Amino acid sequence: MPLNKKLQKFSATVRSVELGTGDKTTTLGGGNTYPFYTFDNPTANPAKIGIEISDLGLADEPDCIKEFYAGCETVVDMAKKAVTVEGADFLVLKLIGGDPNGENKSIEELVEVAKAVADAVDFPLVVEGCKNVEKDAQLLAKVAEALQGKNVLLMSAKEENYKNVGAAAGLAYDQLLGAESAVDINLAKQLNVLIKQLGVDPGKVVMNVGSAAAGYGFDYCISTLDRVKGAALGQSDDSLLMPIITPVADETWSVKEASASEEDVPEWGSVVERAIDMEITTAVACLSCGSDAVILKHPTSIATVSAMIKALV
Amino acid sequence: MEKFITIGERLSTTAPIVNKAFLERDPEPILKRAKAQLDAGATYLDVNIGPAEGYGEDLMKWAVQLLQSNFDNVPLALDTSNKAAIEAGISVYNRSKGKPIVNSADAAGRIENIDLAAANDAIVIALCNGEGIAADNDERMGYCTMLLERGLSLGLTEDDMWFDPLFVVIKGMQDKQMDVLNFIGDLTDMGLKTTGGLSNNSNGMPKHIRPIMDSAMVAMAMMKGMTSAIVNPNDLRLMETIKSCDIIRNATLYADSYLEV
Amino acid sequence: MALTGIQIFKLTPKKNCKECGSPTCMAFAMKVAQGAVGIDKCPHMSEDAVAQLSEASAPPMKTIEIGKKPFADNKNDKDAAFKLGGETVLFRHEKTFVNKTRYASTVSTAMDDAKVDQVLADMAKIDYDRIGDRMYVEFIAVDYTDGASAEAYAALAAKAAATNRALVLNVKDEAAAAAALAAVKDTKPVLNAADASNYEAMSKLAADAGVVLGVTGANVDEIYDTVAALEKLGNKNLIIDLGTASVKDAFANGVLLRRACLDKNPDRTAGYPTIVNVAKLAPGDAHQQTALATLFTMKYGSIVILEEMSYAQALPLYGLRQNLFTDPQKAPRIEPGIYPINGADENSVCLTTVDFALTYFLVSGELERSGVPCNLLISDAGGLSVLTSWAAGKFSSGSIAKYIQEFDIENKIKNRTLILPGKVAVLKGDLEAKLPGWNIVVGPTEAVQLVKFLKDMQANGQA
């Protein structure tokens, strides 16, 4: 007697959000099962992977990343190289230099970088701000304006600045909007409701519900993703049926497992291997709980995670 | 915990406007009432065409197709004592948003509606009464058992049988209210789903009192595990109470704007 | 196979006597099917019916014990063997996962002695403490390859067992299995050997040796059938190998089995712990093995076998596992104590914060980045964040002063500068009064600002 398989059918489906234009679009979301549960229903759109670079170029990057981008003189050069990475579905440009507590680059300067990158590569593009909510409110609005017609995803609108970022990205310039909350499922839902009430098409919203590196309070991350996906599908909660994007590299590269030098902890072995494995584990764990896309940094991590996704769908 | 299911009761032949529209096959009043109920958050719509002898089949088909084609295959409860009309309605029913509900069977003259639901892979509302209102919970449970056994033996799953304890009117049967609620608790303990015409409890009360009493009743019934009710979705207080109870039961995720979605 | 309400009803006397407390036999039967009441509440049930139903009251997923633990997992761990399975939910937020995933490195009869020694030596190097848990490779998979002699396989198993790790004997050859069991059965290994073609013989070997039998098959139905056949033979000391046909199948098998046994009508034949051999699913590709080990830690592997666990793999996997298997209602905590950072000694500046693990990780991470030697003093603050524990009265001038005294800080550390979290700047005055001779400094409100703060102090000669 075969196993009586208890297949799980949901009546709700996560919205499909198209990123990019023309031939080079990629689709986020669109699933109606828990991640990789193809036995419940085949997957229309497998999970996607973004490769990240920043306006700061290679200055603050670890050696293995400098090696990969060796020969690149400018951020545009890096972008051109990044889009050739096997398994990368979209490019993520982080405008870290805008941080008022850091380099405090001007909005005009950063918009120029974003424009240059967008013009140089024919690839779906995500632009992240500098994480300062006041600066991002202006910066992301200007980027949205400058990149009109490119259908880029702007990250992120937060509780503090969703009106500015949402109005520019989602309404005025018809881009895609990232809605960011930090491992708080109620706020994740609320932000989506508020953005919809602003008039933004829910079909153009992607959620970032927070992330952490494996081992660093990642339990909250798991349960947030599990519960958001569970409520979206199980309760057909329209306010949560947005694809989820998780910036993984942001979290993993700074933890000591990935950054401590081989001189400091000789027994741990290669720092490159440690950084890659930390990135892989965190990415796969996020994908297995509900992320529809992850943002990574190292080409090997990207190729590995991409191969795993292909093997599962 | 699944979300509480509301079955909108306002498409009923007992309302003169609806009755006239049914008889004249006039879509406009029907669609208007349906839209108002769906906008207010109804999950299912009840289509009560009355006995409709002689024309029930034609009318039910017309109503099902009218509503489903205008409202994205909205799931419907087919409410009539006319069995042929229910079968006719099911024959044109689109299941993509949910199975049809047969409203209703009881343990007396309408027990064969259990068979009808089983034969058509439909949900059935099973009234826990025989001839007249049950005297106590033992009698209700006896009817429930009879209906359940019949349904399960015909291949219905327990999820497809929604038991109606029959709400009784407070003005007259105030001392029986807790019996009804405790009976819902008993059905919940058995793993059964429940529904019912909630507003029966407030029959005869002043208009401004009824939403308050209905809201209190639905909250207490949901505490006992009630899974669905046949309600007026345009009663804002009632719908807000149901949404709030669903938050407390962890059936929907809380957000500050939960009442607006 | 669990019985449905109607099936149980048919076994009842149908007398509606109410002696069980339910109004009718049907109501009673429905409650039994739900697990809400036990069948023993009915005094009129026939023995035969009770026997049929007793199965229905067992836990849906069995807990299986394997091996002998070389070390306790942590100071609260009293188990002599590795417990696997026994899970009750599909998601960690529903209820704490019970028995954590264990990992294995692989040796094989295809390896020469030098290679085997290297694998075992590298495996043993991974051994460290993470927030009170001992992290090491708990299992060794011992692979039999075609053509090897039974003696060679037994010798390899004995060599692996000598490392004090629990063994998974991956072997289809009956003679080799028997020889290995003769050599190492006292270590309580898994005999991972049964499939549809050989389960009777292998079950006998496992039962005679008193060890757990691993069962696999070409697909989930074959696995299920073989488990059912073994149960019929009376062997329920089993673990299911999810197979190596493909990643997709192994993943599906694991989820479908877990789901079937935790269904509201539990299918206990599906309720066993599992083995996932990612070494075979991605041979020669260590990074892909990391990815798959992660996937099967999340969903729902009990033993995950890698080729050779490296530190690079262990660090994220064990961290992830530690997070995954925590109580969702209880915040992880750090033991109170002195945590020297960047080679700090008794002359290094002191900082204090709460024992909430997330806060500790954030703060210690930033302190490490600063490069400034410093002592991080962690007191018992109830496992709450800084502001919450302050509000709860668990992180106060009194509690900090008491900690300084109880841990004998003044004799252990000569430096007398103590940096407070900026969010509890209000404690400064009180602390100065309670800790005479100390220079109490208010630090930044966010951990990320610590790097600059400490570097500035260092530049000013204050740290």
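As written, the chain order gives the labels A, B and C, with residue 1 at the start of each chain.
As a convention for this text, a contact is a pair of C-beta atoms (placed from the backbone, for glycine too) under 8 Å apart; a residue touches a chain by one contact, two chains touch by 3 or more.
The structure presented is a predicted model; accordingly, all values stated were derived computationally and were not measured.
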{"item": "Contact-graph separation of chain A and chain B, given in steps at minimum", "value": "1"}
{"item": "Which of B-C and A-C has more C-beta contact pairs", "value": "A-C"}
{"item": "Chain centre separation (chain A, chain B; CA means) in Å", "value": "44"}
{"item": "Chain centre separation in whole Å, for chain C relative to chain A (CA means)", "value": "29"}
{"item": "Chain B-chain C separation of Cα centroids, rounded to whole Å", "value": "47"}
{"item": "Junction residues of chain A - those touching two or more other chains", "value": "227"}
{"item": "Residue ranges of chain B touching chain A (in the complex, touch as defined)", "value": "2-3, 97-98, 251-257, 260-261"}
{"item": "Chain C to chain B touching residues, read off their complex", "value": "4-6, 9, 16, 23-27, 30-31, 33-34, 36, 264"}
{"item": "Residue ranges of chain A touching chain C (in the complex, touch as defined)", "value": "1-6, 8, 36-39, 213-219, 222-223, 226-227, 230, 254-257, 260, 267-270, 273-274, 276-278, 280-282, 284-285, 288-289, 300-301, 304-305, 307-308, 311-313"}
{"item": "Of chain A, residues touching chain B in the complex", "value": "11, 185-187, 189-190, 192-194, 197, 227-228, 231, 235-240"}
{"item": "Interface residues, chain C side, partner chain A - complex", "value": "91-93, 125, 130, 220-221, 223-225, 228, 246-248, 251-252, 255-257, 259-260, 263, 267, 270, 285, 287-288, 290-295, 297-299, 310-313, 315-320, 322-324, 326, 328, 332, 357-358, 361, 365, 368-369"}
